Amino acid sequence: MGGRDATMVLLDENGIRCDGRKVDEPRRIMIKAGGLKNADGSAYIEFGDNKILVGVFGPRDVHPKHMSNTDTGILRVRYHMEPFSVGERKNPAPSRREIEISKVIKEALEPAVMLDKFPRTAVDVFIEVLQADGGTRCAALTAASVALADAGIPMRDMVAAIAAGKVADTVILDVNNEEDQAGQADMPIGYMPNLEKITLLQLDGVLTPDEYKKCVQVGVDGCKIVYDLQKKALQEKYFGDGGD
Amino acid sequence: MGGRDATMVLLDENGIRCDGRKVDEPRRIMIKAGGLKNADGSAYIEFGDNKILVGVFGPRDVHPKHMSNTDTGILRVRYHMEPFSVGERKNPAPSRREIEISKVIKEALEPAVMLDKFPRTAVDVFIEVLQADGGTRCAALTAASVALADAGIPMRDMVAAIAAGKVADTVILDVNNEEDQAGQADMPIGYMPNLEKITLLQLDGVLTPDEYKKCVQVGVDGCKIVYDLQKKALQEKYFGDGGD
Amino acid sequence: MGGRDATMVLLDENGIRCDGRKVDEPRRIMIKAGGLKNADGSAYIEFGDNKILVGVFGPRDVHPKHMSNTDTGILRVRYHMEPFSVGERKNPAPSRREIEISKVIKEALEPAVMLDKFPRTAVDVFIEVLQADGGTRCAALTAASVALADAGIPMRDMVAAIAAGKVADTVILDVNNEEDQAGQADMPIGYMPNLEKITLLQLDGVLTPDEYKKCVQVGVDGCKIVYDLQKKALQEKYFGDGGD
Amino acid sequence: MTSASVIDELKKSRILELLELGKRVDGRALDEPREISIETNAIPKANGSARVRLGETEVICGVKIQPDRPFPDMGDKGIFICTAELLPLSHPTVETGPPGPDVIELARVVDRGIRESHMIDVSQLVIEQNKSVVGVFADNVVVDYDGNLFDACSYAATAALLSSKSPKWNWIDDAPTLVEGEDMPVPIATIPVSVTMGKIGTHIIVDPNGDEWSSMDARITITTDSDGNICALQKGGSDGFTLEEIDRCGDLSVKVGAKIREKLKEAQKESQ
Amino acid sequence: MTSASVIDELKKSRILELLELGKRVDGRALDEPREISIETNAIPKANGSARVRLGETEVICGVKIQPDRPFPDMGDKGIFICTAELLPLSHPTVETGPPGPDVIELARVVDRGIRESHMIDVSQLVIEQNKSVVGVFADNVVVDYDGNLFDACSYAATAALLSSKSPKWNWIDDAPTLVEGEDMPVPIATIPVSVTMGKIGTHIIVDPNGDEWSSMDARITITTDSDGNICALQKGGSDGFTLEEIDRCGDLSVKVGAKIREKLKEAQKESQ
Amino acid sequence: MTSASVIDELKKSRILELLELGKRVDGRALDEPREISIETNAIPKANGSARVRLGETEVICGVKIQPDRPFPDMGDKGIFICTAELLPLSHPTVETGPPGPDVIELARVVDRGIRESHMIDVSQLVIEQNKSVVGVFADNVVVDYDGNLFDACSYAATAALLSSKSPKWNWIDDAPTLVEGEDMPVPIATIPVSVTMGKIGTHIIVDPNGDEWSSMDARITITTDSDGNICALQKGGSDGFTLEEIDRCGDLSVKVGAKIREKLKEAQKESQ
């Protein structure tokens, strides 16, 4: 972070970003509920150039038994990147980055899922990144919420996610890969619009206290846009339309 | 496969191979039943320059219990090469090749073993390649059959094995290391002569459909030669003679 | 071993060693009983430039159960070096050397601990080498005995440890790092002064049979010095003085 | 993917009953593979890719092409590696963690079928002899499981390779240096096609679906090349084949393989 | 460190009860961190080191500085890596073996806080461009656990780095060669301070101790630099924060961080 | 190899009873090793090899000699590594998988005995200083277990090394290049012999067999060189030795070792 590549123009004099977007404009987002045949629920998302598939199984028995909890269900999340999803072929072994993101997404989903409705059992969320651009964790979290809903898991709300950030001293919405590499800050945000709670929040890069507050606000507003697309995807699957 | 080394003469004008054999002539094969003191059954084979030791334990309890099967016994096979068995010292960790060959040999032995006679238990076959030439899997499978018989495991038949192949556009029996490296095709075959069933079959290299059929036939005929040597080895141990 | 570095003067004409000590003089040894808050017992030792922390837990339940013993308690020891404890940063994965030393220290402590007093349970000894000089295993064993005593584990005796060795054809006490690298022999010794038993003994390097016997004697005498310091450390903690 | 439940036993009986009448559970002829759909360039950022559906089995293959160091004593040849992985979302029984023997065999058989056909001419993949070569990695991931991963992965990898464009590198200042704008197709010598057959009782069926897969006694995967020659084979499962059955499987693999090769050629054309 | 015993439930009730009255179990104000003691040069043979006590949590950090090969495409930058490990003597529940997700997250958050602040100017850590760089490794080990390892490890690593002296190497005969007697401080650009806050019910508390840690619903770790800017953040735990709470935590991190930065500066001075 | 069954207890009582009478279960004197048979060149394709039977314990050692890169700061020395592995066919209790502490100790003690004797003169194993050296790898595999693997592996490795022929390499074009037809014996400086003694009650016995091994309270392995000096030692087991016992074991190792060294020399002669 922090002006890594000074030669790239991230924001031109008209306030237009390197991929033609305005500062508060998200990339193209396409969400599809369902699609997988064997999973209990699934979703597919294209978020800019990210392509991510999520499958959900459960509630189902936990093996070994002692990993289960008599009071509550447990949520298990695996975030995984395909070898061909990134620039240089990724080693198939799970990286420390993948393990951390799995944990962060799990904790972002937990407030949304009514775990107490299925004690002793587990719900498994398998996230597969087929093609990665900037912001895979937000795209993954967004799709995971839809897949959980598609699986009929009881939920308090859905988590919508998008990143805010800073390039050329300007707060922007939805950081892409170039902006993440060459920009000044990247702040992924996951938000439940109905419950008004931020459940995922991270930051890499330098922000003044004021920029920090602005980023959070811009991110939360962006999540509301994403949330509408999540609902639309579910409506399309279950009612055959886009909610119009 | 496929003419890897054009400079080597694999078959001369008199139909003699690089190690002096005729096209349908196996290498020197020596099989000994028994030999190990702690194993329930064992065998040692020299097949050309291959030197392979096999030990069998069981039927015995399975740990952990849930790996066992109440209806049938299970066969477990480990094919393992010593660090000093090959040209360049082998890393001691099990390779993917060893794991695949273990599975292929296991499935080649299963039709011969009366697994239903020992439900809930396991028979373990440990194959140790002390020195490798071409065709270790055939030699190993041949010796494993003898070791199982030596352990008194109830069997429908023994599996005899040998490779057919193609060098200099000619179908040959019992591919050696040079022929495997520089030749055109290698087809390991495992065969139960009494039940007339092929239980191991693999192929690397290019064959016309006619050559394919000829290879299988040549391999099956070779297995019958190996089978006689297996029986002789058991007779030698249990009746003190070579069955003559 | 064996004169690895001929240029270093390990013993001068006055019988003074490279760090100014006499041949039968140990390095500065400081032992502190207790110190850790969560461990059931603990000790800290500075032995020359070695700095080692030991924590003890137990007797406590064993998981999985089948690892426990209905007749006796079990002792488990882990010897572990921090990445920053040695010259070149150590890879965090446990090395084969660490696994062997863990076993050697465990077997050196077992004769001192009344394992039969706590059947079905385990006592865990965790040794952390913060800074390594020559002789970490002796320092670790010495501190582990004190930590076991501090945890109130019933003991027959304490094990005191120090190395004897050979430099410039002379038998010496308490081999330091330079003497270990450039000297002729290193013999770590663990000894229970009350029970008069040697419970740890290793040797790297060449000794005549006479030197061998002399080394053992010098080491045993050194252990008695260490033993007094162990007792003093416990007295200081439990009676507020150094036993004077 | 093993099982021994009552339901499974009933399924197997039903499958066998139908086979005695010359029929299959899904209405196919015994020598008829399921419908194949091939979508190339599913992963645009990869150098090549394909999403293949074989009935309800679905596989995505992405190809990455990048400079690599040659293997010892192989300094005049590039590298080709094909892998296969069962994603846990493909079936409720799939476990995460290191691959077991089944998946290792799958990956090695798919790799060998393509490698032994000499589809990729690795002698053309050298940047600087003994120092730097081109590595071609075709990684398959299974996203939905309904039997016969061998063929589904093989078709996905082959289609992905046929659609691949390789960048070009020159050897400058002791390092491989990318030459912009010179992407070229990967050098292809033949199109391998694997055909997997299951044996249930005494019946041989082509392209077993998931229920057939868990009911079968043995299987055989035979790969043929564009000349109709046989270039790789793997027998599996806990029963054997007669000599006559092996011959028949060979013929089937040539016949069925030829039809599937046409589909792969079509997909290649569409990708360009 | 998870638990669900009756005692734990009682503890949580008691903690929450007190918080309703504006009090904490150990008498601190809600925005008050525990006492911090910093001892530098605890490991004299390392290039830098510190032993930090945050209440009864205790961490030792040792810094090793040595030549290394640069990461690919990063030939003009040195290497900085910060790790964290829970030693099994730090708490009866700690297990040996490879680190679990909790410890991996801990290490990565501590590393990122320091890395993103640009504390270490890695562009000055080059011995020979593209061939040899200086690697700075700050390894934390936890020797006593009483909650909030994020901050304890962060302070230990920062104090250890502030006290570090780096050897100098020249590039001679294709190898990095040590120049004797030219040890210099590591190039430091700013002093990052992480502040971790827990959320219990609707209360935000700074620097949760062990009992508070196992009772809290969510947490947030915010790192600020010497300019009072925010440079890294990690939310954790199974609940969320309101927008207002996030803003408040940002303000708290600046305010509390500034005080702790003074302590780190003092420790740096004492170490020289 | 641990056990606590009733049979084991009975065996131990019987062994101890006999020892009180000065006798052993298999009729040997207390200071008498079992019969040793040594067959060299058991693995003709290796650079050296031996199959050693010590009573009913049987070990095969193969030596591989090949160019390698030197260890850091050891550019003027070749590499010698000796390993040991218990094959699962050697005893019903042996498990596959990564080696446990027992096997790691075994391998390290066997390696150290040979290494510390300076048997192999590694300073002669340099192809090109700092760049390429000769690596000598002596890998032991245990094929039948009946106690005292320390000595059986040590004799197998020593006999295999004594029978080894090393190829020669020259440094040509920045690579080690094999010189045909110049195989030479490995440079040998001394012949180490390890002697392992068990302590049962107050009795010291040489070369414990399997039943004695599982009954003994402690053990000691002492390696001597051709000059009759002691060059390596390892105490093991859950009891201690008195000073007097340690002295006596030293004497025994010299005396017994000298006889075994003669057998190794014979085997070396026969191998040539």
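Structure notes:
For reference, chains read A, B, C, D, E and F in written order, and residue numbers begin at 1 within each chain.
Quick note on the criterion: a residue touches a chain if its C-beta (ideal position, glycine included) is under 8 Å from a C-beta of that chain, and two chains touch if they have at least 3 such contacts.
In this text the structure is predicted, and so the values were computed from the model without any measurement.
Considering every other chain in turn, none proves to be in contact with both chain B and chain D. Over half of the residue-numbered contact pairs at C-E are shared with one candidate from B-D, A-E or B-F, namely B-F.
Centroids built from CA atoms put chain C at 52 Å from chain A.
Between chain C and chain F, the centres computed from C-alpha atoms are 27 Å apart. Separating the centre of chain D from that of chain E, both taken as means of CA atoms, is a distance of 48 Å. Across the assembly, chain B contributes no residue that touches 2 or more other chains.
Annotation for chain E: no residues touch 2 or more other chains. Shown here, the protein chains touch around one cycle, each chain meeting exactly two partners.
The chains touch one another in a closed ring; read from chain C in the direction of chain E, their sequence is C, E, A, D, B, F. On chain F, the positions that touch chain C within their shared complex are 4, 101-102, 104-105, 107-108, 112, 116-118, 220, 222, 225, 228-243, 246-247, 250-251, 254. Chain F contributes residues 42-46, 49, 56, 58, 60, 62-64, 66, 83, 85, 87-92, 96, 137, 139, 141, 143-146 to its touches with chain B in the complex.
Chain contact summary for the complex, chain C toward chain E: residues 36-39, 42, 49, 51, 53-55, 57, 60, 78, 80, 82-85, 87-89, 92, 124, 126, 128, 130-131.
Chain B makes touch with chain D in their complex at residues 1-2, 69, 71, 96-97, 99-100, 102-104, 107, 110-111, 187, 192, 195-209, 212-213, 216-217, 220.
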